[in-house]
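Below: one structure in structure tokens.
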Amino acid sequence: MSVNTFGRLLRFTTWGESHGPAIGAVVDGCPPGLAIDESVIQPFLDARRPGQSKFTTQRQEPDQVRILSGVFEGKTTGTPISLMIENVDQRSKDYSDVAKAYRPGHADYAYDAKYGFRDYRGGGRSSARETASRVAAGGVARLVIPEVTILAYVSEIGGDAIDMANFDAAEIANNPFFCPDAEAAKRWEKIVDDARLAGSSVGAVVECVATGVPAGWGAPLYGKLDADLAAAMMGINAVKGVEIGDGFAAARLTGEQNADPMHPGTNGPEFSANHAGGIAGGISTGQPVLVRVAFKPTSSILTPQPTINREGEATELFTKGRHDPCVGIRGVPVVEAMMALVLADHKLLHRGQCG
Amino acid sequence: MSVNTFGRLLRFTTWGESHGPAIGAVVDGCPPGLAIDESVIQPFLDARRPGQSKFTTQRQEPDQVRILSGVFEGKTTGTPISLMIENVDQRSKDYSDVAKAYRPGHADYAYDAKYGFRDYRGGGRSSARETASRVAAGGVARLVIPEVTILAYVSEIGGDAIDMANFDAAEIANNPFFCPDAEAAKRWEKIVDDARLAGSSVGAVVECVATGVPAGWGAPLYGKLDADLAAAMMGINAVKGVEIGDGFAAARLTGEQNADPMHPGTNGPEFSANHAGGIAGGISTGQPVLVRVAFKPTSSILTPQPTINREGEATELFTKGRHDPCVGIRGVPVVEAMMALVLADHKLLHRGQCG
Amino acid sequence: MSVNTFGRLLRFTTWGESHGPAIGAVVDGCPPGLAIDESVIQPFLDARRPGQSKFTTQRQEPDQVRILSGVFEGKTTGTPISLMIENVDQRSKDYSDVAKAYRPGHADYAYDAKYGFRDYRGGGRSSARETASRVAAGGVARLVIPEVTILAYVSEIGGDAIDMANFDAAEIANNPFFCPDAEAAKRWEKIVDDARLAGSSVGAVVECVATGVPAGWGAPLYGKLDADLAAAMMGINAVKGVEIGDGFAAARLTGEQNADPMHPGTNGPEFSANHAGGIAGGISTGQPVLVRVAFKPTSSILTPQPTINREGEATELFTKGRHDPCVGIRGVPVVEAMMALVLADHKLLHRGQCG
Amino acid sequence: MSVNTFGRLLRFTTWGESHGPAIGAVVDGCPPGLAIDESVIQPFLDARRPGQSKFTTQRQEPDQVRILSGVFEGKTTGTPISLMIENVDQRSKDYSDVAKAYRPGHADYAYDAKYGFRDYRGGGRSSARETASRVAAGGVARLVIPEVTILAYVSEIGGDAIDMANFDAAEIANNPFFCPDAEAAKRWEKIVDDARLAGSSVGAVVECVATGVPAGWGAPLYGKLDADLAAAMMGINAVKGVEIGDGFAAARLTGEQNADPMHPGTNGPEFSANHAGGIAGGISTGQPVLVRVAFKPTSSILTPQPTINREGEATELFTKGRHDPCVGIRGVPVVEAMMALVLADHKLLHRGQCG
């Protein structure tokens, strides 16, 4: 099986390979009557777009999204919204190395084991280029949840974390790292640049907060809001870990330390802590929904690694081509998009069952 | 919406509340001809069964599973397998406190916000009692993947981790903590007992390794093996974090440190490391599949917490009744079951598409 | 694959075999707060119950439904509703004939071809006994759509149709055929009794009308209301044809004859005809939704038929045991149930997307 | 909800409106390694293409399909296959009539009732133009089932049926009606031309036979092969009835007349009749799978009909523009495509569960 559709009521299906003519997403189930055109979606793609600093891949892709269906007179009609992004900068390089052998840490071997062969040009379907489709779909999802504000940022690169005391949301757009801590951003310049110059790579942690989510979204027990978020985030390229609220740190607390006591508030209940990350029993509590996502360092490094070729013989390989020294950075708009898609879906699911 | 079904080709649907007459699971899509009877499933339920030591809840439930359909002459027929477990020890206690106010950290408030009211007896549908149904369903899933061996254990309680140098799989069944490190198990006796006596609770980390998974299972891009595992694990009661392979630690490595170089082996490729946890691009690589799961300390503690009642007024509440001082312990059979269910599903999915 | 779940937002999963200990359905996604207990569901099961006249099978099944979950203090909670019906009258007959050879027209051979073997006792999973589970689930679905009235009846038996001029809804409950035409009912007594005495069987046509369906339910393009109804009805045992509105007769009309002109009405638009059966473009129009369903004569006849045994050798077989001389009759409550389930699902789907 | 995806393992999602820039389908779940390029799919689109005779709409659409993803070096890769067809001949006509009032029999009113407004240009999403996407997707599905031969034809137009004694498959491509009876084809020229000249329309019946389907495909009980076919066919624009095998005629037979006796054959069992249409218990029997589909006369006629406008006031409307006097004719390739898509899906489903 191949599963390229995500969501239950608000669903999107993505298609396309890194070096094919285009990539795209079909968003189905969107409520009718929402004001939309390309300009509503494009800014999110621009945020994810490569080649904007020396800290990301130098592939130049304008990532211009085009709406092919589902919109009439500037409004969603309730029918499928087809979004297409042309691939422009597929460099005609020599792929003979990658065609013949498996890059360690990449999906090369796994795809061959599954399908018998693979589109090796730029990683084909397994390329992070696919995440542009998610970001475009996420732009539609945001329209479904105007009550929600989503903010993601990088909280750690190469093991160097931000200081929450320095947190300034306005800083996020001021540096090439989506970093809310101006001092950390400065340190990261060196960390990422060192990795880049060494032909190496570093990992990152991205945090995402959604405020304005009302209590009651979530579909227990196998469509829990946190379970759907976990799947959404773990499915992003290079992600190896997902936490809700305190996550693994919660496993080191006592029940008293981990409690989120409730109090009467002016607009419904208030909580004196948010260890739970806004979700209890798989349902939102009205607190901010908090997710933390671990990106591994990209496997695309210049250091040759022992590997095998398609015949199973020993060889060595390093990744040529243009790559992100820290894929987690451009993961920020992707994490935001997946958050929007999950929340929008659950808003509709809740309305469907509970009116 | 309410989503009580998990899986794509091998699916299970669970039903039942903590204090209803019974709970159960319907497993659909099981291949025909597999030898099965209750005795095949019961041992897994026995492992999860409460009341076996002072370190778990004292509720006494025999958790005898009964197969009501889908089996003929000792073999699965390919039709739905209905599994039922009667609730026996629903203590007729006074629930008036819980009915009127929300226990902080529990799903009480979220369920009320979603559904307008809730079955408050023992947590109703949100009770961890539901996980018995998962374990029963997992017993069926294991039959589908005889090539796979699944082993889970507690690797950390209350912040105290095992020493992998002491790892002994044979120890896991020798202590009430599913602990593979005999020394850690001794230390945990005190940690958990202290929490129990203090009316407090502690968190835990559970690790699960599946060996024998062939390369090629997984359904990119929105049914990735790791994304499905993340959803499966995050959906277990009290879980707040999921890692695949090195997880968050990978975010602190460089590309070189995180590489899993390949070599020719006697039975296909071999890897000199498994930072990836056996999954690349959402597809299994043939290495052991490794998942790590964080359980928060149960919110059911004896310390009164500020909260609100159904009218929104301030009050205080603590959790009476019988509870696990460390819910992560009994999470071990549940984690194993979810691993089995995801892998079995993906085996069938792969066979469906790729033959 | 085995697909024993129907529906999208309101879903039900059935399980159980003709001669197992019980059968049942799990209804998931039901809105919370609906008043329910067994007495709400039982009348529909009573209508379908066998052994009530000489015109149906003599198997005696009380078909008492039991609600095992999802209900608290007399109201649906929004969690899965588990419905169980015990099998009582599994006659301990000799099944050696059916075990060894295939009854022509039955699912025997097809099940063996698919699964390699089959539960041959009373038809196992392929028995029409499963439809009791549908009727029970339909009883829940009806609660979701109080604005809709569903009425089904037999319009034709053995090629003898009712006269619509004689149509009297009050007659339907007055005869053992769910026949709205008292004169036809009298004629059918002889037709069905002749078939019964001859060890033969006759077919039937069932019509079902749902009034009160508002305009706007339906999920184009692959969840069209008529397409979902077609699947729902064609999936009932012994059904071979489904029509919406004029159905095949429409293929013999001109565009003018088939038109359903619209006029302003007191409560929204009125139509001067309903050739379309209340559905256009897969969406309800506010007119009555009309479905017609063809039931074949049951294959269970006393005339020996040439067939083959499991070894592929020629043999002869006739169906012993208790059977309906006209399965279409007891199909009436099943058709109503499937109508209710489809409509309830689409009500929630519409609300989910369009608010 | 909007459901624009069909299928379970082999799934396709369609998008696009009659007068948008393009339409398309994303086919997901296709097995890898199948030889494919545009030339494999184009002939089916050519068969459905409008404007090829005076008996179909005069809209000129080349319907050139383009494969945008999922294919590498001439073979399917197992990833989503994106198919796009540009709209070329969207005539810039005046749609003010249709924008303001509802064409009786069309989806106009239903779409407005559901979504609040609609893309009225050429019927928007509800246009039969969407069926080109189905035909393209069906071209992929055929590759999955090389063992199956699918043949559809028109068996009746305007109430005038073919004579099965004249059946000649070679004739189907020799006339503009997909008619296997040369004499009937001659008669139909006058019937359809008369309707066309009168600004009227006529209905049709399409039959489809799939040979080579092995016994064992089908997914009881809610994914029965016949139920999935019923949904597939009823969801085609203008379809109002579906029959499997003898369909409604079976309701007029006795059990003896309707029997399909079995005999030993050289390649598995043989049957002396096929009243069942190749399906028993929802599972294929190895006989030809036979489906019959009723197309209503298109509602697009030149005779003015009473109707209402968006304000609910009485008015009159007739359909301008280019239309098929008998939509059933071009339904033939669509019916074939849906048959292929359902069978391919069930082949994979069967393999997934039963190996």
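Every chain is named by a letter (A, B, C and D) in the order it is written, and numbering of its residues begins at 1.
Operating definition for what follows: a contact is a pair of C-beta atoms (placed from the backbone, for glycine too) under 8 Å apart; a residue touches a chain by one contact, two chains touch by 3 or more.
What you see is a predicted model, and the numbers here were worked out from it, not measured in a lab.
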{"item": "Pair of chains joined by more contacts [C-beta pairs], C-D or B-C", "value": "C-D"}
{"item": "Remotest chain, chain C as reference, centres from CA atoms", "value": "A"}
{"item": "Chain B-chain D separation of Cα centroids, rounded to whole Å", "value": "46"}
{"item": "Rounded Å distance, chain B centre to chain C centre (Cα mean)", "value": "39"}
{"item": "Approximate Å spacing (C-alpha centroids) for the pair chain C, chain D", "value": "26"}
{"item": "For chain C, residues contacting two or more additional chains", "value": "1-5, 9, 14, 29-30, 32, 78-79, 114-116, 125, 220, 348-349, 352-354"}
{"item": "Chain D to chain C touching residues, read off their complex", "value": "1-6, 8-9, 14, 102, 104-107, 109-111, 113-116, 125-126, 130, 156, 158-159, 195, 200-205, 214-224, 226-235, 237, 240-248, 250-264, 268-269, 272, 275-277, 279-286, 294-301, 303, 305-308, 312-314, 328, 349-350, 352-354"}
{"item": "List of chain D residues in touch with chain B within their complex", "value": "9, 29-32, 78-79, 220, 348-349, 351-355"}
{"item": "Interfacial residue positions of chain B with respect to chain C in the complex", "value": "1-5, 9, 11, 13-17, 20-24, 26, 28-30, 32-33, 68-70, 72, 75, 77-82, 114-119, 124-125, 348, 352"}
